[in-house]
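Going by the order they are written in, the chains are A, B, C and D; count residues from 1 in each one.
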């Protein structure tokens, strides 16, 4: 580590003494703060994650190829993890402290039941007829559905489809790992028993009524599947609204028992960019994974131009300026971020930026 | 006020001295606590409100008759207030600190725009095609709809129907009056301008998504109309559920921005009593107005038998034991109570009671 | 109740029909809202409570006289209740929904142990050496001490003094009664056992440290006695502060486990009016009991001039304009109000008023 | 990364195909989840931080030596950072996501004014007469004082002592860095102006009274200095208490405006181990820095024996079993941890462990 003090002011002797001192304290697991200033004195965050896009036309053949090479049983979960170029793969960091992966279940396969302290959410990219079972409720997943799996909820996946089904997994696993709080349990048997009827939680929780005889903690959403048809319908009904100058028609999936985010550590969003819409540039201290649910367009992220189309996944790191534009019609973006973590500790900062 | 001390223990002289003392302190606006023990030492609440039922077959002709005798313009609101037999009418107390009234709007009438600190909610009893406008959003009301009006929100009613439309009004006006916090303002013109499209808040708030560009306080529900078709559907989908032994399938209308009650001072409920269901007896320190939305049955309230049918309104005072039973099929009860007030101060107490 | 519609517009016949109608509906426990408008349409709150002062020079001889006439055992609590002139004594209303009384314990007396859902607080007016025991902790009370008794906490009083000890009791009993939630239990024996050392809760809770092994609900203060010497010291250290233009140096007693009010339904305050200070006039929708802890001065309440001196107790009803002035030096006012109730439901409104 | 599938089951050809596939996807910033299982499937957290102790007898001469080699002005802050052996120094991680350093200010020195989004706290190890100024309030620091610096509060240090003053700095800087939310600003001039009298916040906030005219956010403690004399006094008054079997008399410094932790992301504690006390072993998912404020003893951490004495600093990583024992009399430990972060997201888990 370079000495932060200008060498010219120092006699050789003092320089030598200092170097000796630095060597000595290192042997004690001690470091001089004035030599580490760059890690401490940051006018603005020195963000490690970089903007990146994973194109669906590259990902799709590869997840299909993975289907040839590895069975679901072998892999436990057949997932291609999207790793930010700034990080090693073992960090599982797609952007900031959040993770994204592309999972595929083939006809007849089962991804066995387990549970863990990281929370999960899925957004279906392609296919119909796969299912997720969470705590005894099984939901059939369709393209565009947003499916939640709270921390420590038993869950497994399977497919009664005759085609591959693929979805985006979004987890807070890097955050939970960094906090040294990752616990995992195997269910023991392949699938948990289905003890509730299909879409049970939708009957209980999606009609602005609360079953009074059920205790919920308010922390995690009790709603398993936020259906695409219903969510997209909401977006389109607000098409004429002003919306946000920075985000267009940006709606957050909410926990009906609290009005807050679906998962304590992550907010998930669905966003309509109207025909010809080009949002104003801004930046904020939260890290976001975007997935193109419908349509095409481009984003300018940290000065770089990222064209995107349906199925693509891209990331906007914390405090990186970004703007989005639809092209050739309307576009719908699904996204999720670590915004609730920043907000919980008063660390969320947002700023408009002059257009790039 | 009778002297609480046994006369036999007292010399005439002491009795006289005490009586003189009590007269003296009364002139100072002072009272001996030991003479008022009954108001203070209460093993159980000495509830003033009594159980009562207002039969629709009695109410309906009377509200219609009111239509002949008084115009909406004259009356400002054509409402028959349901006054608990224990209270004078100026208290506006239907049960506990809550109010209920039956309002009717005739074809072409307008009930002009105003606002006030008491909060209001409506449940449509009969008719289609009347409307309520709240803060620029107009909703057409149908039988069974639950419509909210937060405190200090401009609101007016009108009707494009060709028949009378009647609904139950539920307000916290006695509570706000007792707290000396009732403010009222007239809008000035008959109707406020309609600035939003019909059912605007349903697009924004009823699909488990939140418009991120809108600030809400979380205190009052942003959702104007909880449609009967949707609410009833939710109830019926849970028909096979165990539900509550004391309340059957009792669902609470919720504020989507908080998960809590629609109105800070009042909770509203929709409740299915299944064919042949007879709930267990219990009591609690909250006061409830019930309205029969569908079907028939009876309730046993404080030992009294109250048969009811569609359109009837009845009340269960605090700490009075009650149980409900459907007759001849399923029944649906709408209700609202002051439960959030009791809960806010740790005063909510519930107890099962051996069947009466 | 008079008909609100101008008689001149009505034919005799219509008047007759209406009168008949009003008689008819009254028999059904129904009232026409348009005849009760004054109770409903209130530009400003129609407050029942009136400003009033109970002079200590009138109260002191009377509570002493009560000591001659009634034993603590006979009376259970020897208390003179201060009843607002606007209310009957059985309402227990001193102002708004709150109660104040003057209690005296004579040497050797015991006011036996009981508990109830209303919450209580005491402010010592005169004497040293009486005690209050709450849930096993006994505190010796000195002049100016503020002592709390949460709802459903066992409590009793006694005195090891050789002189009478008097204090102001402040309870939310009218509020709890109006909500029909007043429960009371006798301990069975005269005094509960003292299981904790003196001032135990002060060691645990008054030093900005929390005993981590103790569960508290955050609802009620765990601190039994807020000592006068410490509280007065805090006031005087802020003497040079700007403070509030309407209240001078107004400090709220706080619950160390939540930062909120000591009692869920009531806030208590200690307030320094500096030499020559005359506060600006304002009003707010909360009702306040004031007690003069030290010094002299006057208040202008609703246009009336109320001079006060040490020991006096006076009330300011909701929405009544008031201003305070010290005379002849500094003055200290103790007060408590129903502010947390108003705040909980968004009903707290405050307004500056041009000086009277 | 090794292939997780047993080689014996695979034909060479399949192995080759897989290897080729893994190379291919790596070029796309994609990784097979089934090859990274160890980072994902964790029965228990795979904690990186290791237990460690920094002995004061080693640290003291080194921070004094740093005083010879570097001026406060040159260094901006003369701090020796304690870096966990598991991490590189630029991570600033002492244990988990929290940081500890030893700071020294020499007579007459000033550590200039700045502010940042990380929150800070200090615990004075040695010396009297240094000061910290936060947002215009200057406090003179004595041995054992606990001094807080909320995020984005201007702060500087100096010394009017004639001897070196040393303290422990505790910051959440690694956590804020990981969240990419670290902002820093220089004040511009060396010291901010002192605009408040000494210990101003203690008059306002340490007496269980709240200045009603001051708005506070409840997020950060408004109290600048928690004095040793007062805190130690609290501990010793509870000496006879049962306390916690795992932690003895463990008290948390609290924010008087909320009852919660002094800093949103960190809890700080003072803990008495009584003469002969040996706590039971337990572990929890929060990471703790301990500092020996008084006395001597030892801790068993993850099976390792760590003797300690006054001035030593040691760490207990998440989920590592630990127990503490005093030796030769009473001991007092100061500590801080990331407990509020774990708690905020439902990730705090605690378990008793059979004694090691």
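Everything that follows uses one rule, which is that a residue touches a chain if its C-beta (ideal position, glycine included) is under 8 Å from a C-beta of that chain, and two chains touch if they have at least 3 such contacts.
Only a predicted model underlies this, so the values are computations on that prediction, with no experimental measurement involved.
Participant: Once the contact rule is applied, which chains count as partners of both chain A and chain D?
Facilitator: none
Participant: In terms of C-beta pairs in contact, which of B-C and A-B ranks higher?
Facilitator: Between A-B and B-C, contacts are more numerous in B-C.
Participant: Distance between chain B and chain D based on Cα centroids, please, to the nearest Å.
Facilitator: For chain B versus chain D, the centre distance works out to 53 Å.
Participant: Hey, how far is the Cα centre of chain A from the one of chain B, in Å?
Facilitator: Each chain reduced to its C-alpha mean, chain A and chain B end up 44 Å apart.
Participant: If you average the Cα atoms of chain B and of chain C to get two centres, how far apart are those centres in Å?
Facilitator: The answer is 29 Å.
Participant: Considering chain A alone, which of its residues make contact with at least two other chains?
Facilitator: none
Participant: What is the complete set of touching chain pairs?
Facilitator: Pairs of chains that touch one another: A-B, A-D, B-C, C-D.
Participant: Looking at the complex, which residues from chain C come into contact with chain B?
Facilitator: Going by the criterion above, the answer is residues 1, 5, 14, 17-18, 21, 24-26, 28-34, 36-49, 52, 54, 58-59, 62, 65-66, 69-70, 74-85, 89-92, 96-97, 101, 116-117, 151, 173, 176-185, 219, 264-265, 285, 287, 317-319, 338, 341-342, 344-349.
Participant: Help me check something: in the complex, which residues belonging to chain B touch chain A?
Facilitator: 203-213, 218, 223, 226, 230-231, 233-235, 237-238, 241-244, 247, 249-259, 269-270
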